[in-house]
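Quick heads-up: structures coming right below.
In the two complexes that follow, subunit A is the common piece, with subunit B as its partner first and subunit C second.
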Partner chain A sequence: MLKSITRLGFALALATASLTPVHAADKLRVAMIASESGIGDRSFNDMVLEGMKRAKKELDVDYVVVQPRAISDFQSALARASGQGFDLIVGNSFDMVKPMDEVAKQFPDQKYGLIDAGMEVPNIVAAVAKDWEGSFLVGWIAAKTTKTHKIGFVGGKDIPVIHRFFTGYYYGAKLADPKVEVIERYSGTFTDPAVGKEYTLALVNEGSDINYAVAGATSSGIIDGARESNTLAIGVDSNQNYLAPGHVLTSMMKRVDTITFDMIKSVKDGKYQGGKTLMYGLKEGGVDIAMDDNNKGLIPPDVLKGAEEMRAKVASGEIVVPNFFDLKPGAKTMGKPEIETPPSIANAK
Partner chain B sequence: MPIKRTSAAGNAALLALRSMIAPMVAVAIALIVGGALVIALGDNPVEVYGTIVQGSLVGWPNFLVTLQTMTPLLFTGLAVAVAFRAGLWNIGAEGQLIMGALCSGIVGYAVELPRFIHLPLCLIAAMLGGAIWGLIPAVLRVKFRVNELVVCLMMNPIALLLSGWIAARVLKAPGPTNKLPDVLDSAGLTNFSVYSQVNAGFVIGLFLCILFAFINLRTKIGFQWRMIGLNPRFANYGGMQVERKALSVFLISAAIAGLGGAEQVLGQYHAFYDNFSPGYGFDGIAVAMLAGNNPIGVILAALLFGALNSGGVVLQMMTGLSKYLVQVLQFIIVLILSARFSWEWLKAQRVSVVEPQPQAEALPKNAETQEN
Partner chain C sequence: MDSDLFYSAIRISTPLIFAAMGGLLTFKAGMLNIALDGFMILAAFAAVVTAYWTGSLTLAILMAMVCAVALAGLLALFNLRFKADIFIAGIAVTFLAYGLTALLLKGMLDEDGVFASTKIPKFPAIDIPGLSHIPWIGPALNGHTLLVYLSYLTVPVVAWVLYKTRWGLRVRVVGEAEDAARAAGISTGLIKVQTMLLSGAFCGLAGAYLSLGYVSLFANKMTNDRGLIALAAIFFAKGKPFPTALVALLFGLATALSVRLPEVTGIAPQLLQLIPYVVTIIALVFVGIRNFRAQKRQGAWRFDIS
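Presenting the complex of A and B:
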């Protein structure tokens, strides 16, 4: 019985070999290898997909999305996509650094793009959105706007990527007002709004009146908690001001969609920058604060003016916002101008 | 299996064929429902299934990836099957897999030894890690009659969070990911190809399945495991130390799951990663059900699930269909099998209601064996 099944399988396979879809030769074809959290994470993967959709509309390219189940599937997904004649293969996880390095060496003629981590391989272009610079700006605004001189931070999980947001936020807050207290909390989940709300209400009880929500889908609960307790929240990744008009101070937007679009465009225009790591900071428009009707008037005009000055200083290099990944364990100070490192960052590995 | 004309062998072959029917029907129904879904989505089901078959079996790279994706299921599927067969509901394979992975990950980087000692040591550490995690539900079940189902379910998230804390705080390697330092080369299971993370762990899994098939069919202990699964009271009456046997089966099952964790860490990730498993332990339950708790069936069921996942990736590349199609197929298979399972369980319940309890022990032998 087993034999007949395998025979049937091979027959089917032979039949489909001839059915393989034919693609228009002139259209650019792009493959996106999602990170293990997959499409629908309301964060990174979804933003890359947005960029793909925009490229399809404006640049007339075809794209496919491949969603591996686990980190251990990254390498095989990348390697098998490499044999399919894609013009560009985009990956978007720092856990893809090693697999992509291995695969890119085996397929030197294939173009790759990596988002969120730096690499220097001739056929890989890497791009990083400097979320720490964006977090710096919202931290600065929060510290200037707070009435209780206490601001909060709710991260989804106690992991280094989230520490990177916190470091920028803390740095911005302390630069604005050295006496402001920054309370750091981790909800332990990226997917549970109810938990986010509990954390927000607890922070408000401790006296914080502005809370930065860096927690994926948990963030909507944090914003809901701000509405309920009549305090302010700060959104993350995309413009979340609309979730609770009047209660979202601003959102720290990470323009991964722009980065993806630019990457595809560069291949289309023949300006592919393989071997380079492109940094998308405040200067390059890779991160920004969201201003619209929903948060009109929440930030005092003089604070907004000051924030623009800060942005200019970061762009000119007068202020260097510390990147958590570049900090040495146990570092006493960070950034330029230097400030004291909080214990939670100094002790993290 | 060749059918001989002796009645015993003929019966065995018939039984084997009969046990194949239910899984086949389940797979067939899943394919039909899945096909209807594909048509509803506006694609051609023959083309879609063809792409899955091609993407999982045709060509060396695709086939190697299938072996990679089926390897963890060999371990967890076998672990669950061994326990199920003895009437023990070890649905804690996920937690045992994680603890096995953690232990092998620690031993893999923390001690420096020559390869021929280091690698076996890591494997033993993984088995111990899994077995210790299985010890808690096993002892509670055997000594205090606490339902192992509930305890196992609770042990899974504890393992995930405990290992996550260790990977994030206690033994974290520097860098952006919550993981332990890379295991040393002397503890690594070799990868064969750039296309796939398949490694020597696959051979170990295959060997274990065959080994347990042999134990089940040809040894006294395999028969005893079956007996305590079929009817513990009768087994006790027959002079077996049921409690001790049940405990040892549970620990063996947990150790196999733990060994599956070592395959992941030493062969695929080359370090312990927080939250590395997308649910291999739970997939193992489906594999064991599809296999009818038969170790050889585990190989076939793991191959099917591995091929679906491997072919699913190619399907996404070629047709732009979502990965969820492949998962829907798996879930339908599980759904149909569990429907059958509950049906048989109900039947068994009815039988035991009809026969008054005190009499059960005095029943003649064939009355008990008939049931299955």
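Presenting the complex of A and C:
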């Protein structure tokens, strides 16, 4: 029953996709292939859609959303969309890499865009948000806001992708205040809020009053722990301030909407950069801090002002935030201006 | 290393103890209930939704138990009426619960993956007068929420029911020698259904604690295989209530240690996070050897003629 409903939905999505060719000849047509979490995920897919909507308003383009049932349907969805003369087909997530690679080879004249994963195929433009630069900014804010001079970091797993967040966070914190202590922890799971809460409470017990949560669903427990212990948490990827109003200092957002909009604009302006992987940092507006009613007043105005100066310095190249993937194990210093690496990097072999 | 560690161990063990007491009843009645996680996740979801909509924690706990019992009824139906293998039916029911809660989360609350709200009421911490004055033990035992104390209270109750009541005797006979039970005129099917439904009720409490007592939110698959750990505890303790609870507590302590040890030792977190599972594996090996020997001794008493 359920299966047939989703199947029906899929068929409808495709039907709308195939019906839309009625359009003005000069109007740009863009297709979005949603990734697994789907529209309504309050994360990447919703933000891609935001970018589409903005492009519709500002650039006068038409867009179509296709929602594949599962990862295994990505390729067929891409292939079907490719046969319908869209000016650009946008996908997101790492799961889309292989299907898009296959389809892009079959349709060499079709332009594709991939968000959140790097690729080098002539008719695909890839874009990656520099999460380490965003983490740098929240680290800087955290170090300036902490009252205990101790801040924490809880990653989902002890893996390089997560180290990249930590390195940026650590760099920002140490640049703001060399004396601030940054505690690095890994919960070992992306799916256990209860464990996330344990980590928060343990960190608070150690004296940390702001904890950066980079741990998927475990993050929700870290934020819940902040509410219970009356401390602050920092969200990640999308705006998570709403999860515990007053207890989420800010969220390090990947501005997928900006990236999507820019991609569509590049096609419209004839500046499509197929074959490249574009990096979206603070300068390009690819990462940002989330400010809304839920975290109003949590960041002191002077800190916020200072953060804007930091953002400008990163944009101008005066500050270069270290990317973990560029650091060698055992490196003693990192970034520009240079600071000492955290023990987890300095002592690595 | 202070009372804080034990405080958090008690908190971590609570859902394990509830689930283990539930699983223990079916274990005693001769059924391997692998669907504890499924019961728990449905209960966790029902609890959060009810608490969010009505603001009542009592209703939320009741709803969690009702939903988990209903799912347990479904498993009993598959296993006892339609004769499906309990292991396979249990896995099916668990996956059903995972999928159903994810779907309902989207359908009822329009959220994907995680649901949190400040409208969800919290359990107040219970202050037991005088307890906090006892050095060291006091701070570890005092200030938990209602469900935590309830979980530890269920242990003697389950032990009493199993070993001191007529119904408990029947449950054990059904589990140990079903043919003999049938010959003695015990309705084995009824006993099995009853234990299965009770196991649902216990998992209902475990799920409600997980989503309302421990944290105040629901996330997909948030039980994170606690049901399987509870099963391991039951096997380790050979289905005895007090040792089972002790193993659950040991697991909680190992988890609490893995969270707090990096602070003290600086050992790689992966190694520390292995502690609870290594403890479980060692325990299971130990029990396996012990069971093998016992089986050899008691071989003559087996009633399986088929």
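Methods note: the second predicted complex is superposed on the first by the 205 of 349 C-alpha atoms of A that agree within 3 Å, B and C clash if a C-alpha of one lies under 4 Å from a C-alpha of the other, contacts with A are read in each partner's own complex, and residues count from 1 in each chain.
Keep in mind that, in the parts below, a contact is a pair of C-beta atoms (placed from the backbone, for glycine too) under 8 Å apart; a residue touches a chain by one contact, two chains touch by 3 or more.
Keep in mind that this is a model prediction, so the values were computed, not measured.
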Touched partner set for A:E198, first subunit B, second subunit C, both or neither: second
A:N323 touches, of subunit B and subunit C: first, second, both or neither? neither
Which partner reaches more residues of subunit A (counting touched residues only), subunit B or subunit C: B
Partner chain(s) touched by A:Q273 [first = subunit B, second = subunit C, both, neither]: neither
Which superposed partner A:T148 touches (first subunit B, second subunit C, both, neither): neither
Which of subunit B and subunit C A:T189 touches, first, second, both or neither: second
Which of subunit B and subunit C A:D158 touches, first, second, both or neither: both
Subunit B versus subunit C as contact partner of A:P245, first or second or both or neither: second
Subunit B/subunit C common contact set on subunit A: 2, 38, 158
Subunit C residues touching subunit A - in the complex, by the definition given at the top: 4, 8, 12, 15, 103, 106, 110-114, 116, 118, 210, 214-217, 219-222, 224, 255-256, 259-260, 262-263, 268-270, 273
Of subunit B, residues touching subunit A in the complex: 17, 20, 24, 46-47, 49-51, 53-54, 57-58, 61-62, 64-65, 68-69, 168-169, 172-178, 194-197, 264, 268-269, 273, 276-278, 300, 309-310, 313-314, 316-320, 322-323
Complex contacts: residues of subunit A adjacent to subunit B: 1-2, 9-10, 12-13, 15-17, 19-21, 31, 36, 38-39, 64-73, 75-77, 79-81, 83-84, 94-95, 102-103, 106, 117, 158-161, 325, 329, 349
Complex contact set, residues of subunit A against subunit C: 2, 37-38, 40-43, 158, 183, 185-186, 188-189, 191-199, 201-202, 205-206, 217, 220-221, 223-225, 227, 243-245
